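Accompanying notes for the structure given below.
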């Protein structure tokens, strides 16, 4: 374990419930996330993990409960406000912009930071062009970092799945987020690729101090890199704590891990 | 072999962000422009200008506008004819109601009217999507058809509802000869295409495409769907409106609402899909296909038939034209569902690896 | 009051006729995810075939019996529609599996042009008559209640009855049968449907055939009302608001949408029209559909548009 | 040396919504040209050639056709066959110096030859047509003053074509105190239920039908369906031909329409066409269509064009190919009296017509004919539009056009150019 | 390769997307009767493409087989439609789920039985699938689009099993599934293989699991087969261990330590 400094609570989820018709996706979930930590959410399929992220991000509106981010509490915000506050995420089912190239996809992550208006952009003179170049430089750093230089200009739809996942991460990173929500970033990868991905996550976490919320089914990964783990089952929280604690929790073993791990 | 980017290293992002990063492309485009501005005027006949080139240039501009909305922002619209009509009648009203109003400002004001109209009819797009939106935009089409027939004020109280303009001037020069009209439209097209290209490769263009490809994800990274969609409607209908005004002022001279009927809307949509959604170049290809092909068929078929000793009646000719036109559309879509622009880039790709097949 | 009723009934009847055309759109969309712009052209083509054969058959065979001629013409036109469906699948759809909606839409526009050309080449572009013995004169109801009675058109009533029957049958087909389910699956995902063994080719021929027969019935009724001529294709434009109002994927929606649009546009034209100079019904229909869409973006009975990350 | 040829560009539409009406019209035009070549060997030895161009009634295709054909050697004149195309060409023809003939359609104000040098709405415009219809209704009622308090509905094709008669009807309504109700029908006119419900509600005394193409037969069918008496319906001359009523048959019985021209197979010119063209297998359309209403109108149009060329040759040189400008002069100086018409074989087909610098219409005669379920029969005498009303309106309209365009009236001296 | 009957024989196929992108460069593999064969390889190696080529689903992706042949029990199948293949018992579970979004889970499963007619058998089969994946049973009336990623994956697998196939091509079946379910899926594979003699071709990233259950394995990189052999041999190969099983020497390496020096694959150099 490295000796990074874990800070105060940055994101605090309190008593969130979410239902879709008859389905209770989340029931009274509370947990907190501290600055700079890697916080994992695990649980069986359909437990409500992705739904949790969707609530944080403003895609779903929870029927009850509140979310506190950096001291500000809200029960619902729209996605844009959440993004403005510095929360970025990746998606379980790849939600990349298929028709755009890798660069453009990642550049969209910078959109919030672009200041020049429509007319300046149309003319593309002076400040507008400088701004574009500045952001492009930033994006190139991300591309270098994720080692996808060779695919810069490929339309993302044509990339293999694993690389698309990287681009998804890149797009989130381009927002320079304070909190990064990752939904199964390593699904469909082999060990080597997972190692790469872990490396990126750890680097981001270490070097930029970004707080990370991670959903993942690979217990090896989760147990190795997270600081604390929340376990959900059928929309309820059944465990919360350091990896080792969770690993030995009876409920968790029964509901999720099975006996072999 | 000749078409390679090898050895062309970009030393700055500015260089890499050029519209045509590959030198051969730049040269090709320059040659094309030179041909359009210099060579064509040396060779073209009056007929070519008036019946093919001018409509082609204007329709390219309209298709470009449609492509921004449909191709880049993914909002299928069947109301483009209406935006053209609003542009045309808007410009007409400014032109006749303000004595001495020069042509270019009138065109721009017409475009702005279309912008306004476009935003208005774009509002439903915030809730309604896809084909539902496409059909709903027909409301704009039929409403504008009706409005310009029924509300006399728009047609300057003309009895029949048909209006006309004449004695056009640009910066003091008369816009009478076919050549001058052609050059004027072409110049406008080049300027607008350049601006449009800048938009689509800039931040706003990326917002449009993001909304098109995956709107929920776009929202999560902070793109406001409302702003993106409405700005696409605005920019697109501005361009379509200017094109409509040109169509009316420069090409037709006198017009009635039927000149901007639903048929026109369909044809415009055709152009961008056949040409290639999300490609500026594609708009030009598409316009060329739809504008030139029927005329070409119309003129080529009789000699072709007589080659086989057959004579074809006018009716037979135009039916054959319909059939061939329809069949060609289907054929092109099968060969390349992403349009002529894609075919073009595949061709380039092949040239790049030439002489090897892959 | 009597007049209001008349307008209402007239609207309902007109609406049923729109439904008949709308039904063709819905069928094909539901079963393949293709928005078939060629539906109007199919209606024209079917009607032309029907009209010309009912005229030619007595001439060729010497049998001068209207019923026989019409029946035979109907069957032959049906065969023509089958051929059209088969060719469309062979030459077009088969090659466009898994393509985007817009591409498919354009392909059907190409088909539209083609059918219009072929139809007019084979059958001519004059006005032709379909006479299946529909009564043309009006009847008057409730004469005791209202002075002059309420005018109802017998032809419309019969047509509406036919439309309603067709819709009922097709709804059952879609909801209850295995093929119906398979069709919906195809609309969702061509590739996945293929992967589990649904024979797209056959399915498409079937659906386009059914749509062709619906077009034939629509063409017969509209043709007998209006005469068969190129303009018949424009009834498709009148049916579009019906389709989106009812929901692109709902067979019963086509009927309900038709009724709402029919009534809405007739009432608006008759009661609002005079204040603004008239001629508003067509855009009013679209605006009406649009207003409904603002509340239900998938139309009244359409399947919810899925929008999830 | 090449034999001289005069070229007639023929815009037509044989496809689309208006094909049933456009086709016989176009056939008549072609057959007359063929007749002149076959029977007379052309005009004073000048062969007549032609080429058709399909417009589909669409303005942009029409403009393309015009541009394509206008620079052919020996172009005589254009007959756009559509109101929309006429508007567009009105702007272009003066520049290219080619005259436009718009017989019975086009811009009503263009009758003022001093303002519209290149337009020739021969034989009648929508204003004269509407005027004649009102006169006829007046006569039916025993005097125009009897129209007072009557309700007349105009069911019209919602386009410039349909809207043209409105100002005149409004003028007449003011004069005679009848109520004018306007009922537009969206083009192409296949859906008219609401319109006829309204007719049923308001029960106008008369319905004037200003339709074209499929709109006409649909209107008659809807009238039948709503029980409006067909014998109270009066159509313009574009709503009074065989395709308009044929498939309605009995249902249209009693319906009246204006007849701009005579028709039938008796006229000598028709016989000549049958003999010299159709019997030689050169006919353009089916033989039984020859002599129908619109076919005959096509023949008349072409005859006037040919006569304009002949007239021009009288001044500018017999046996020569005329330029557009020269043909224009010919068109402006036509003088077809009864004797000439008889000689041309147009006896009973049309009334004499002579044009001048200020009058580009020539004359405006029309009759009413009525459908008996099987064929058309004339049911009135010839009428002529009321100059007193039309003239000032044309003048005012033309003046407005000129002032909008910042153009001047022609000088009288210009007349001999 | 052992001597049992080869049911599926892929012979040096080449696949090109869009007429220009050459993806498979001569891939050959064989599927023995009642075998479980694993197809392993990194991202973009061409596993999915290989499976698509076999089940003839390339057309919709604008790809085509330009060289080589594919034989099913001695019959060339390159030109058969996917539907005909399903009739012959070959079914593919597509990568990325591809459930029918508007259909409910149950309808999805029933559509899987499209090629079958016996109602009772279908019902029994449905019950079996629900037994395999109890989670699906609780969500049976939800539209597939509104179920979680893992549920959709189960649905896709279940749907394929509904056609009672004799050869199943599984493309990344374990993606997005919770660990026990992954185990469950592999148990199902084993189970069907044992009891009903179903043959499997597994394209997997989860090499560990795949090699545990498979008899034979192929490893692909950039469109070529680079290594093949019986599963247990592969599992003991040093390179495979390091690159696909994440083991340095015999110890499992912690993901936390990946930041330290990494060795590159030898065959890519």
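First chain written, first letter: the chains are A, B, C, D and E, and each begins at residue 1.
Here, a contact is a pair of C-beta atoms (placed from the backbone, for glycine too) under 8 Å apart; a residue touches a chain by one contact, two chains touch by 3 or more.
The structure presented is a predicted model; accordingly, all values stated were derived computationally and were not measured.
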| item | value |
| --- | --- |
| Length of the shortest touching-chain route, subunit B through to subunit E | 1 |
| Chains contacting each of subunit B and subunit D, listed by label | C |
| Remotest chain, subunit E as reference, centres from CA atoms | D |
| Chain nearest the global centroid, as defined over all protein CA atoms shown | B |
| Subunit B and subunit C, separation of their C-alpha mean positions in angstrom | 32 |
| Subunit A and subunit B: spacing of chain centres that average the CA atoms, whole Å | 41 |
| Whole-Å gap between the CA centroids of subunit C and subunit D | 37 |
| Mean-CA-position distance for subunit E and subunit C (Å) | 44 |
| Overlap residues in subunit E, where contacts from two or more other chains coincide | 21, 146 |
| Subunit A, residues touching no fewer than two other chains | 59, 91-93, 95 |
| Multi-chain contact sites of subunit B, meaning residues that touch two or more partners | 145-146, 149-150, 214, 216-217, 220, 315, 319, 321-322, 337 |
| In the complex, subunit C residues that touch subunit D | 3, 6-7, 10-11, 14, 120, 125-129, 136-138, 151, 153, 155-156, 225-227, 229-232, 234-235, 238, 265-266, 269-270, 273-274, 277-279, 281-282 |
| Partner subunit E, residues of subunit A touching it in the complex | 1, 20, 23, 43-47, 50-51, 92-93, 158-163, 184, 187-196, 198-199, 202-203, 217, 219-221, 224-225, 256-258, 260-261 |
| Residue ranges of subunit E in contact with subunit C within the complex | 55, 57, 59-61, 81-87, 91-94, 98-103, 107-108, 110-112, 114-115, 143, 145-146, 159-160, 162-163 |
| Subunit B partner contacts - residues on subunit E that touch it in the complex | 16, 18-22, 62 |
| Subunit C to subunit B touching residues, read off their complex | 35, 91-92, 95-96, 99-103, 105-107, 109-118, 120-121, 125, 237, 240-241, 243-244, 248, 276-280, 282-283, 286-287, 289-290, 293-294, 297-299, 302, 305, 307-309 |
